[in-house]
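Order of writing sets the labels: A, B, C, D, E and F. Residues in every chain begin at 1.
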């Protein structure tokens, strides 16, 4: 505890490394606690599996 | 808000497109709110990773 | 399978009843399968526990 | 997208406000994207509903 | 890692204590690993927020 | 209901089969209910997508 889960589109491994470090630091800074107890799970979502406004992201035209 | 997440076995992209559209419409019809605020996340699950009654679906015999 | 989970702000029991029925029908219509196998889990979220743009919803001014 | 969900023990509203702001800033800093698209959902968990090592936290003696 | 989450109707604290212990033991027995690394999160769901077959459980007649 | 979800690193199919059976039995033993109603969803997580203490597991040195 705590567990932080991030659902996002694909990122590079370097971005994920930086994200994990900075989310952990943000948690400790604002809520306290032991840094080692903070778990982060990243789920990378395909644009074919995410929709907003009823439209799949991969099929949006803009 | 709201976020609707669907965990299901694999479907075609056309089915996912129709599902996202119809779930969104069903939400607006029954609960109101702004269609664009509705987010849908589809997770397709392998039959090797889902069990009911203690038996993995991919290993069921029927 | 499938499991549909909805995270939303509080609604009346009548709205939740209608939502469950219509999401289930939308799933069967677009993806097929057995209506009885469709499970829906509604999570009602306090506005103090949801943020967008870095601001908790309950504290937004508009 | 993205959606960041935090499961943690109870915190004050001020801590949750700071957490939402800082997690959002950490995401933008490391992964880019539009700050307004970042959604955060906080779930506060009772110590009677969380276990590690097979023991419910509320019942741990130390 | 691993994280085991259980969504179920309300149970007594004694049942949750036994459940956490036995799920943890079942994991170690079948998948190995360090017992202390196993985290369990129990979510108790109201029957007004769960549906199957399109009908909210609290409203089912049987 | 209930739904048990397990997030863990990759395991063999035999381990997942045993895990599903034993988690289901553990639930019935401690909380009762109908075995067939118990659903289990396994999510296998890459070590590049899981962090503790702010460090991605795949990048830890030990």
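The rule is short, and it goes like this: a residue touches a chain if its C-beta (ideal position, glycine included) is under 8 Å from a C-beta of that chain, and two chains touch if they have at least 3 such contacts.
Remember, predicted model here, so these are calculated numbers, not experimental data.
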{"item": "Farthest-lying chain, centroid of Cα atoms versus that of chain E", "value": "A"}
{"item": "From chain B, the most remote chain by mean C-alpha position", "value": "D"}
{"item": "Length of the line joining the C-alpha centres of chain B and chain D, rounded to whole Å", "value": "25"}
{"item": "Where chain C and chain E are represented by their mean Cα positions, the distance between them in whole Å", "value": "20"}
{"item": "Chain centre separation (chain E, chain F; CA means) in Å", "value": "12"}
{"item": "Residues of chain D whose C-beta touches two or more other chains", "value": "1, 3, 7, 23, 25, 39, 41, 45, 50, 52"}
{"item": "Touch-based graph of the chains, sorted into line, ring, star, complete or other", "value": "other"}
{"item": "Pairs of chains found to touch, sorted by chain label", "value": "A-B, A-D, A-E, A-F, B-C, B-D, B-F, C-D, C-E, C-F, D-E, E-F"}
{"item": "Touching residues (chain side chain D, partner chain C) in the complex", "value": "13, 16-17, 20-21, 23-25, 35-44"}
{"item": "Contact footprint of chain B on chain D as seen in their complex", "value": "1, 3, 39, 41"}
{"item": "Of chain A, residues touching chain B in the complex", "value": "7, 45, 48-56, 59"}
{"item": "Contacting residues of chain D [partner chain A, same complex]", "value": "1-9, 11, 15, 18-19, 22-23, 25-27, 29-31, 45, 50, 52, 57"}
